[in-house]
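Next, two complexes with chain A in common: one pairs it with chain B, the other with chain C.
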Partner chain A sequence: MIAVRHVGLRPRVAVAATGRHAAILIVIIGLLFPLFWVAVTSLRPANDLFSTSPIPWPMSVENYRDAIFRFPIGTMLLNTAIMAIAATLLQVTVAIGAAYALVRFRPRWGGAVVLLAGAAVVIPPQMLIIPQFLIASHLGWRDTYLGLIIPQLAACGLPILLLREYLVDIPTSLLEASIMDGARPAETLRLVVLPLLRPALAAVSILVFVNTWNEYLWPTLIAPQVNHTTIQAGLQLLGNQEGPTSGALLAAAMITTLPVLAVYAIASRRITHAFLQSGIK
Partner chain B sequence: MTDVMRQPESAARERGRVPTPPAVVAAAPSGGIELRSVRKSFGSTPAVDLPALSVPAGSLTVLVGPSGCGKSTLLRMIAGLETPEAGHIHIDGQDITAARPGERGVAMVFQDFALYPHMTVAANVGFGLVLEAKHAGRGALPRAEISRRVRDVCDLLGLGDKLGRRPRELSGGERQRVALARALVRRKPVLLLDEPLSNLDAGLRAQARAELIRLHREVAGTFVLVTHDQAEALSLGTRVVVLRAGRLEQAGTPEEIWRCPANLFVARFLGSPAMNIVADSRGRLLGWRPADAIALGVTSPPAAPTDAGEVFEGEVDVTEFVGDRRMAHCVGDHGPWSVEFPAATPVAVGQRIRVLVPAGSLHHFDAQTGTRL
Partner chain C sequence: MAGVTLEPTPVSPTPPAPPAQGGCGVRARSGPWVYSAPAILSLATWVYVPMVATGVASLLDWDLITPARYVGVANYRRLLADHDFHRAIWQTGWYVLMMLPLATVVPLALAITLWLRPGRVSSLYRALLFLPVVLAPAANAVSWQFVLNPLQGITNTVLADLGLPGPGWLNDPSWAPVVIVAMTTGKIIGLNTLLFSASLSAIDQSTIEAARVDGATSWEIVRHVIAAQLIRPVALLGLLCVLLAGQWVFTNVALVTQGGPNGATDNVYYRLYTYAFTFFDTGTAAAAAVVITVGVAAGYVLVRLAIGRVRHADAPTAG
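Entry: the complex of A and B
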């Protein structure tokens, strides 16, 4: 295939291209193999779980039945979805406000805010988790949606930075034209800025959604009960409570991955585009 | 909010039911502007420092000067997009120095046109009116009236069949006219234009100039236009304001500042090719325009300087063919100068030529201060 595509090229160029493609292929295999193995193993019957055959034969959906019917996986998925959607909405809303204010009003302390947002991205969240946990506990937010959602707002540094990059790219004259047209700041935001930001908002929302969906440490701490926690934290409970249930665990992990995969599959082009354009990787 | 704007047909229907007068954009707006000791600086560099400047109502005033002369800053201060550090701006006698941009009786056309990319032409033009209606409250400005005004102003500017298009589907000239329409539809007494022709290509620009002059006549408002192009300033303006480094150099009709430039800067800035400036024997500076010189045959008897004018002698260094004219760049006794002859005049490089500049075409400047004598 590679040879066909490079017909007419000098041999050295063809070899270089082949080498590059081979390298990419190896990386992709390296990345996909664990997922593949989880998928294969989740389809094996319990007594065949540690087989090294790449083909899951004899095949069994027993693990999936266990994961779905013997554990509250539906509740956990619902909890996760509520947390991820709410946190995404909150983070993006706050980020829109912050980014717009920074660009439109150019406050004197704007640079400091951008720096703080950058710091929020760079500082490892694990460092803040104990004070965060203490505050949330004092507020009585353990095993509640509030506890799952509100503290996630601390992670809105990245959406602020991303949206600000996009806003800076909107010509100043457009904002000024709307001012001359008599638009108040909120109207400029709603009628001019947001429609232009739509692609960026989609990309940032997807990013935040996937990040929040995969959140593990915080739900484990703040919502440890099996019916109140998220699927990521719940997976671990699954194994511990019921003894050796690796098969069901892997099946549940597959089910958990599906929504994220679906989001990426639908929006991968948009995500790549957003990151290439913003200059932030 | 944009339902009306998205359907230009509704405007047509409305027009069908109620007979409307032909396109009238503005009845008789006034819009005289007075600036009093207005000052603005960016960091330590003064951008604008004007003791007094007035823009007569109904004029087409052009602010012109080299880049960085403060003309755009001045325009933006009138618009309300910049705040002066000191001084007051009055429009029709009202102090609007602190008024909000949307509430000071001005509309603006931006250099890059600044059309909202996600809106149709009709929505772009109607945006300001829709907001005005919303802010004024129910019934103040009915939708039908908005549609009619959008339709009328677009008809006036030849955009009648483009109402449903988006900016990216329009040519440069059409975009410029949408920007004009958007500013005109609000019927503000003052229209500010920031280099409105600079984003058009050369052929279109000449046409757009004429259209702008016609438009100014039809809407009878005050236009304030910024440009760095002196030829554009002279051809467009009923009044020209020459600025340099934030200061006023001269203001007057195009004829006045062309005939009597107040100082060396204005004299050199206006006209292409620029005015010749040569020191005379009495220590003053003499200026004359290349086209005002009359060739004297080298063979004719040497004429002494008389009251009739001044004679300059020099050697032709370079000649340029410019259509029906020929430019000769000469090296004279007191420095280089240029003259323009009819193309048929035989001038060769290296030839010594003498020209007579009639007294009426001579400008005298003080060598030290550069002011006109």
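Entry: the complex of A and C
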């Protein structure tokens, strides 16, 4: 996506290039050093956490064993995965419907829906959090998956706007041809629109998934118990219980980070592309 | 598949993909409503009803337990006289000032540097720079707290080896907000480097070729061609990013300092959260929510209008 043509610079002194590398590396190291250091430290024996050697030797998986046996990490990861996947599917499904309705039927009230979806994206969540919490509590959704998942529909504004942008780009002749052929709206959606929309759906789903996976405030409020909450809220609960210098806590933080790193290593291009699409609009 | 009859139905009677409301039979006229109903209901239930409810609650004296009492604008009056809220507003301004260069100058410099030397190494740099954006804030918080531990953390150990005094970092009121900004920086720089890189690749190459033919050095090209085209969108995107970064700061404060020490890392979002979920003063929290939202909306509209103007003024910016 960010394929930049080589501008063909005239060869400059090597010093400048070295300087450039150094500057970028300093920024990268500064930003990622804490993570790197915790990764190294998590592999030390529990009684050697404050060694200053950048190599974890002697190496030990003691902290990881500790974290897995003492904390419900598996449960929290599972909760987070269920919440993020379900919320993503729900938001994207709802958004497909709305975006399709807006583009296929061009209703007179379409502008109002776009406006409401857009405003929903920029309203600070703190504005809504108290009534959301009251509604969800009233429905008996505290410490439940429903409570973690359903209220995240509040964030469906962004996928609506993004999918609408993609749908508008589909040539109207395609939609019209399908209507002329006597296809029902549902058929047009299934046979014409969705196949064309597949890359867009991937990008939007990635974006929503990452945002939901990293969601902190809502799980803290609606599911404040270690066994019912997500990894974001749960790590903090464990930190409060263990103190900030526990080897098990560091290992837990690494366990929560590894899946993200793995996914990013495989799909960094797709992920950055997804963010780019939403950022530009 | 039970009960298959001889009569084949060529078309499934219900739309398969979107959750259809109210059973079968999609008529042309009800079509748009059927397809957008789930979205409209979702937004209504979880955004707009809560928004109105917050507005109403801002006029009530309510602790969520005893019945609410109508008090008019008393909550607003109390809020605007509250010194903690004043301090939170000032500190929010301080956060914005700290974050602005990190959202503009730094990512722009990085994006230009990467753009001037495209290639495999630059792609790797770009991927690493963006990584903090997808990293979970909770793990990030654990890392920073560990590295900056005042007694045994690696930072202060190294400082001590160099003979320098190690500050208390998150326990020190003058350092704690700096640390919060540093923790948030990764996301800001990562996102904006990506956005600026995209803007750069949209610049008309022929202008640059022409400048090159005229014998311009890369620094001159950066200064005259690129800077001229990008300076305003960069400034505005930066401002916009800072508005959004408020949420990242909130999360980091909630995770790491809970507004402390002595309110040093407080900001308007966290103050609202404190009113609501520490003091259970729903009325004041709601009033704060309304005040903050009006402030953010004003800021957002201003930035957006300005970006719109820029987009019209010089086409090849972003989009």
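The definition used in the following text is that the second predicted complex is superposed on the first by the 240 of 281 C-alpha atoms of A that agree within 3 Å, B and C clash if a C-alpha of one lies under 4 Å from a C-alpha of the other, contacts with A are read in each partner's own complex, and residues count from 1 in each chain.
Everything below uses one rule, namely that contacts are C-beta pairs under 8 Å (C-beta built on N, C-alpha and C of every residue); 3 or more make two chains touch, one makes a residue touch a chain.
Since we're looking at a predicted model, the values are computed, not measured.
In the superposed pair of complexes, A:Val168 makes contact with neither chain B nor chain C. Chain A has more of its residues touched by C than by the other of chain B and chain C.
Once the two complexes are overlaid on the shared chain, A:Ile266 sits clear of chain B and of chain C alike.
In the superposition on chain A, contact of A:Glu187 is made with both chain B and chain C. Touch criterion met: A:Leu196 reaches chain B, while chain C stays clear of it. Once chain A of one complex is fitted onto chain A of the other, the partner contacts of A:Ala117 are limited to chain C, with no touch recorded for chain B. Of the two partner chains, neither chain B nor chain C is touched by A:Met59.
In the superposition on chain A, contact of A:Gly157 is made with chain C only, not with chain B. Residues 187 of chain A touch chain B in one complex and chain C in the other.
For chain A in complex with chain B, the touching residues are 171, 173-174, 176-183, 187, 191-192, 195-196.
On the side of chain C, the complex with chain A involves touching residues 11-12, 14-19, 26, 28, 31-40, 42-43, 45-51, 53-54, 57, 64, 106, 109-110, 113-119, 121, 125-147, 149, 152-154, 157-158, 185-186, 189-191, 194-195, 197-198, 200-201, 205, 208, 212, 217-218, 246-247, 250-251, 254-255, 269, 272-273, 276-277, 282, 285-286, 289-290, 292-293, 296-297, 300, 318-319.
The residues of chain B lying in touch with chain A in their complex are 1, 79-81, 101-103, 106-108, 110-112, 114-118, 127-128, 131-132, 135, 182-183, 186.
On the side of chain A, the complex with chain C involves touching residues 1-10, 12, 17, 20-21, 23-24, 27-28, 31-35, 37-38, 41, 49-50, 52, 93-98, 100-102, 104-105, 107, 110, 113, 116-117, 120, 122-132, 134-135, 150-151, 153-154, 156-157, 160, 184-187, 189-190, 194, 210, 213-214, 216-217, 220-221, 231-236, 239, 244-245, 249-250, 252-254, 256-257, 260-261, 264, 268, 271-272, 275-276, 279-281.
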